[in-house]
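Going in written order, the chains are labelled A, B, C, D, E and F, and every chain counts its residues from 1.
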Amino acid sequence: MDLLGEEAREAVRRALREDLSQGDVTSSGFIPEGSVCRAEISAKEEGVVCGLPVAQAVFGEVSCGDLRLELSCEEGDAIEAGTTVLSLSGPAAEVLAGERTALNFLQHLSGVASLTRAFVEAIDGTGVRLLDTRKTLPGLRSLEKYAVRCGGGSNHRFSLGDHVLLKDNHLALLKTAFPGSWAKEVGLRAERVRRLRPLARIEVEAQSLGEVAELRTLPLDLLLLDNMSLEELRRAVALIGGRMRLEASGGVTLERIRAIAETGVDFISVGALTHSAKAMDFSLRITA
Amino acid sequence: MDLLGEEAREAVRRALREDLSQGDVTSSGFIPEGSVCRAEISAKEEGVVCGLPVAQAVFGEVSCGDLRLELSCEEGDAIEAGTTVLSLSGPAAEVLAGERTALNFLQHLSGVASLTRAFVEAIDGTGVRLLDTRKTLPGLRSLEKYAVRCGGGSNHRFSLGDHVLLKDNHLALLKTAFPGSWAKEVGLRAERVRRLRPLARIEVEAQSLGEVAELRTLPLDLLLLDNMSLEELRRAVALIGGRMRLEASGGVTLERIRAIAETGVDFISVGALTHSAKAMDFSLRITA
Amino acid sequence: MDLLGEEAREAVRRALREDLSQGDVTSSGFIPEGSVCRAEISAKEEGVVCGLPVAQAVFGEVSCGDLRLELSCEEGDAIEAGTTVLSLSGPAAEVLAGERTALNFLQHLSGVASLTRAFVEAIDGTGVRLLDTRKTLPGLRSLEKYAVRCGGGSNHRFSLGDHVLLKDNHLALLKTAFPGSWAKEVGLRAERVRRLRPLARIEVEAQSLGEVAELRTLPLDLLLLDNMSLEELRRAVALIGGRMRLEASGGVTLERIRAIAETGVDFISVGALTHSAKAMDFSLRITA
Amino acid sequence: MDLLGEEAREAVRRALREDLSQGDVTSSGFIPEGSVCRAEISAKEEGVVCGLPVAQAVFGEVSCGDLRLELSCEEGDAIEAGTTVLSLSGPAAEVLAGERTALNFLQHLSGVASLTRAFVEAIDGTGVRLLDTRKTLPGLRSLEKYAVRCGGGSNHRFSLGDHVLLKDNHLALLKTAFPGSWAKEVGLRAERVRRLRPLARIEVEAQSLGEVAELRTLPLDLLLLDNMSLEELRRAVALIGGRMRLEASGGVTLERIRAIAETGVDFISVGALTHSAKAMDFSLRITA
Amino acid sequence: MDLLGEEAREAVRRALREDLSQGDVTSSGFIPEGSVCRAEISAKEEGVVCGLPVAQAVFGEVSCGDLRLELSCEEGDAIEAGTTVLSLSGPAAEVLAGERTALNFLQHLSGVASLTRAFVEAIDGTGVRLLDTRKTLPGLRSLEKYAVRCGGGSNHRFSLGDHVLLKDNHLALLKTAFPGSWAKEVGLRAERVRRLRPLARIEVEAQSLGEVAELRTLPLDLLLLDNMSLEELRRAVALIGGRMRLEASGGVTLERIRAIAETGVDFISVGALTHSAKAMDFSLRITA
Amino acid sequence: MDLLGEEAREAVRRALREDLSQGDVTSSGFIPEGSVCRAEISAKEEGVVCGLPVAQAVFGEVSCGDLRLELSCEEGDAIEAGTTVLSLSGPAAEVLAGERTALNFLQHLSGVASLTRAFVEAIDGTGVRLLDTRKTLPGLRSLEKYAVRCGGGSNHRFSLGDHVLLKDNHLALLKTAFPGSWAKEVGLRAERVRRLRPLARIEVEAQSLGEVAELRTLPLDLLLLDNMSLEELRRAVALIGGRMRLEASGGVTLERIRAIAETGVDFISVGALTHSAKAMDFSLRITA
């Protein structure tokens, strides 16, 4: 789907360094020199496969050139338990050197993609888009956000540097500094930031309908409705009347997400996609 | 508990680079210059806290020196929802620059420690030790293994270079190369490896009682019993009779782990501790 | 103005490594041991100062702790020739170790900021915003884009990963693949990208008024008008009628920019801001 | 001309990381999967081409192996506007991923080489050599000094560690410490440094003819004549009488350099070669 | 023998960066463009060859793909003076760019392997194993420990993180904190560490027979007998009676090691293997 | 003596990473929490101390700020066995975390400095300078060359990029390409290189008096006389007659060096200084 970025390549090298800094004491001591083999990586449960180019990059790094790889499905495919996703043939020591690292990427990224798919299907047909957050595992942000896209979700910002999101803590500071005029200050500063970074989106978090009312006339791209009830969400949608796009967040579960989507918001963001996805089980088996 | 290793420091710098490569467009555009504040990081659910020194290191990296941190609990403490774990006071822009990165470490490591603690408590009193695996999230292995220790679990090997573990794939290669004498070959090679790496432990995976019988007279430290029924585990324990330590793995759940522990094995390993731990929820709130 | 991001810190370490990998053979051989001094960094020509926090970071890296720094102006200030911007006092060997590296950052970033300011002043009052490009010096993108903001300019995208910009080469490929329906394909794909990356802006380059006409009904954020005459620009503004924002680029000089701005476009982008800025001259002088 | 050093390879990886950390959202969203193309990089103005091996390295890094490159001119060639320098054929996504980064290197290094060539031609036939300085852009020193050589110029020292250059600030410290005997101290220390680093050149800056007179009997390799008038330069040449080589610096322009060269100095150094070179314009065009 | 780990690959890149950061001024200035050659690396003295895969990796890094390498002996072979170990054919500039770096690895690692072999042969037939230490050259630990294995020696721990070794300084701290019960404290803490890190070995250093007596009933894997006389070693062996394995260290020379081995200890450790090995002389000669 | 360069700082971080990637399992398990101590690093044999600033940097990296260090001798001092060189006081866990790494630098660099001093003293009074080579341990070149200076020796070139040295292999290639005119070609190319890199020294290796005769009129800085007898060296000195400086190398021992020096050469280079220096023994002892 995407060309693998530089950040992904570094994650691959880093992971191999964790596992192989001092070589592979098992293979070097027990595998007959010159062994070659065929092997397959297969899913042990159903889900959405993600991370195949990363697994390929892992084996590319450990191989001296004689390892052949063949994909048998595509990124983002929904697969059954038992499906083979990647076949290998070549030096056994290289297959075994890359095995765990490749599986660790595959099981996590497919876990993220599969959880994303489940949430996306729960709001199917509503037109609402599922968003990820910056609540990612340290060092894996780009890859996790890629997995979210593979699962059919959408990416919120990638870092503190690409878009503006004023949250409760920022507003608390502004309310202290400008007690009676914080909302006006937000507007003034939003205009200044827009001049400097015209492509950046500007979003503000509202914690109550009162805040929604104060913010609705400002030049914002998005309003984040944090932890609101369904009724509050509906009233916020009405108050804003299309002036800016609305994102609901907080306490979003697979059970509750459809009801939230039906309140009329544009986006629903779920931190669990990246910070709490269960691994999807894969294994590598030598077949000959 | 442990002094923070170099690998952890690099994980911190890497995570900050993900979030702050291009600065913080929200703080630089909206926070009044020179703002100072007090803030608290608190748990939003109960669990075992882990990662406080990492969170301190995050703020240490983003701060120019005027940020004060105070811990109010210790690594490995079981805490209630609402407990404050770390208080901060200093430049608001620094608090906000480190917030998400610190929380991302804290929520993941505490998630791992909490899940570990739950498994440890389920086998309390049996004398069996809970082990982690190499099924860790890429780039986070040292930290996740530290979290397992904080949760009361034990660490299996850290990399392919520190101990030997012959798994089904290695045995398949040896069986192909030495059809009638694979177990004898394992023994010969184990002796050679022991000469070169006398501190390294040597463990072999058995997939059936037949393999247990073949392996029981070899000079091994551990035998891994993969995916066996409780009855098979009991019979393996009897077959081995204390000659080597036994590790059970495969399909271990919170419901089933106590019954496994009662079969008489020494260790039970659980990949989910590190690859499928749900984040423990923490938040940072500016209080003044 | 902005908090210094991680990318800037790495640029500082890298630059010091270029100059100091093998120590400073002049200071170690000729400066009396223990020498301390006062010194000043001053501008030798007028311009907009930019890079002071970077210069501070340079001296922070080379110092063992006894070097004191004091700023005497602020980032983005327009200063006269002769103005002192930073005073130092401490070990002479540290002042001299950081001198050239600090000046190299300062002279380049101030050069970018000064050139930006000149273009910004040329379109003062028109409401048009000046944009930078990705035509930056390798390894210095974040810092150069920061210097553009210091000079009063605005930032276009930071990388191939944050926003979409379809240029002539992309369109050539689409026209080859979908001869009769390329514009429709652009629209279909723009919708798909928007679902995956809803915060990303989507911009397309038009090389002629014909292309402007084809593109005007698509769901785009910006249209890039490349190398058009003033008359073409005016007609493009009329054709689009506010449906999307317009960026003019190509052949923009200080002489010509005001006329371009007066055609009614929203943005004018100038690669020269970052790839061809003349250094602003600064020097460091030991005063006591 | 030169084999590409390790520092250049790192500059390439760094530049790609700036542009591609999060992949290429335009290509991945808009380019038909599997597209292949032919493309050409051509100069849009006349000048001295420099950086072709760097551009090759950029495409080598982004390519998975199916991208073919063909050079059609050599490093250091003086070319006309319109000249194609590099042809590519292969996956369109790879061509587009490397395009901007390759051009950014090419336009800057060719800019440096072209400016150098202009200065070199201005002193053609005088036997005087044009030198660069350490006033380079942070992170690009080796490459810029390579470009200077491509343009026909000569390299002064690469870092604070390879040769000695005592400048006004060093002399100020020595004059303070040894008021009556600073020149003698320079001589004593020069001898000591020569013993430790016998290959290193030793150069001292003189700011006046008086200083020239004081320094002329010391065991130096070079004397730097800073900001002197033509008359002063001529008198310095006479005073030194071939005892050491002479370098003129300060305020050197294309207009003035020939007159300086004709004073009889050996070298003229120009910081602008590396800190103020205008980019030479190149573009990449997909041709099929 | 071993697959080359990631740490070794980084050592190779780092060494090349030391030598080639600014290219190769000799080859680029003096070698006729396009020169190809054949060359051989040969030993100039007898010894145990080690580091051939590292030398291959060096040439792999400097080559653009046209350099052919052929090994003519195997890692760990005892070779005569004059033996050719590696033949090369391809671009002369690549051969010369890698020459010194490849030889630097080869001469050091072969030096370590050869010294190890000498010590191993001195204790041949005693059943005692020769151990290395953490007294390694900074940045070369993994490679030096690999060379020890090539020479027939055994590896002690790789870092402070993989096994426990309580030395005199640790015991001094425990004796201060628990004056009358330090040995009991060691035992209690050993049990706790074993629960957390069940694969880690636990070793304690004894400086006298009195300490041996105090430690002999604790649950330790190894006892380090530091700087004891042969008589003390014999008595320590008797006191321990097989309860744990014994390592002798301190003042071990080629003359004295056999007598130490005959006292009945299990291991003898020698820091000199890695910190004081003389280089084994190799040279590269262009043959055609 | 020298300010510690960036390369040294990286060597320190790298060495700590080798030892502390996974923390210190001994200290964290056995040292009472909060222990503080005093400790001393002392020499266990006589020699020239070198590496104290590196040892300080090691403890600076592992310390959180409460470790105090005090030097009691200076770099390059000749010290007796038993001399304390560095005293520490602070957290015991930090002292122990840095101990081995600091000692590893100190023992190696002091070993190099001590061996250098021995050679320097052997030629005392002859006026000949002792040179090191590029036969350094991978990753330690800058530090080893610094140790050579501390021992009173002189540095030859640092890399393939700073000076020219044409050795037998380069000459073989030139002789093949220009059979009758190789020496003339050397001269032509030397002039071209001098134009591009006027500060670089140019040295050529002569393997026989015949080659000395062919090379003596070329514009070279140095001539390397490789593996010549004392008689040949004397005749080479006479042949050259001061036209260029002469370096003798090959088979230089402590016994033979004075005789070589007395032949009248200017420099003698010894690879063993860096590739075969025995460690000088130091230890760290906790004193309270």
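Rule of thumb we're sticking to: a contact is a pair of C-beta atoms (placed from the backbone, for glycine too) under 8 Å apart; a residue touches a chain by one contact, two chains touch by 3 or more.
Since the structure is predicted, the reported quantities are computational estimates derived from the model, not experimental observations.
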Task: Repeat of interface A-D, chosen from D-E, B-E or A-B - more than half of residue-number contact pairs shared - done: D-E
Open item on the list: Can you tell me which chain lies farthest from subunit F, using the average of the Cα atoms as each chain's centre?
Closed with: A
Open item on the list: How big is the rotation, 0 to 180°, that puts the C-alpha atoms of subunit B on those of subunit C, in steps of 5?
Closed with: 120
- [ ] Farthest from subunit B by Cα centre, which chain is it? Let me know.
- [x] D
- [ ] State, to the nearest whole Å, the distance from the C-alpha centre of subunit E to the C-alpha centre of subunit F.
- [x] 22
TODO: Quick one: report the Å distance separating subunit A from subunit F, using the average Cα coordinate of each chain.
DONE: 51
- [ ] Express in whole angstrom the distance between the two chain centres, defined as the mean CA positions of subunit A and subunit C.
- [x] 30
Task: Sequence positions of subunit E contacting 2 or more other chains - done: 5, 20-24, 27, 97, 142, 158, 161-163, 196-197
TODO: Sort out which chains touch which and give me every pair.
DONE: A-B, A-C, A-D, A-E, B-C, B-E, B-F, C-D, C-F, D-E, D-F, E-F
Task: Residues on subunit A engaged by subunit C in the complex (per definition of touch) - done: 5, 129, 131, 149, 154-158, 161-163, 195-199, 201, 267
Open item on the list: Taking the touch rule as given, give the residues of subunit E at its contact with subunit F in the complex, in rising order.
Closed with: 11-12, 14-15, 18-27, 29-32, 35, 37, 39, 92, 95-97, 99-101, 103-105, 107-108, 111, 134-142, 159-166, 168-170, 172-174, 177, 186, 189-190, 192-193, 196-197, 200, 271-272, 275-276, 278-279, 284-286
Task: Of all residues in subunit F, those that touch subunit B in their complex - done: 13, 16-17, 20-24, 27-28, 93-94, 97
- [ ] Show which residues of subunit F lie in contact with subunit C when the two form their complex.
- [x] 1-7, 10, 142, 145-146, 158
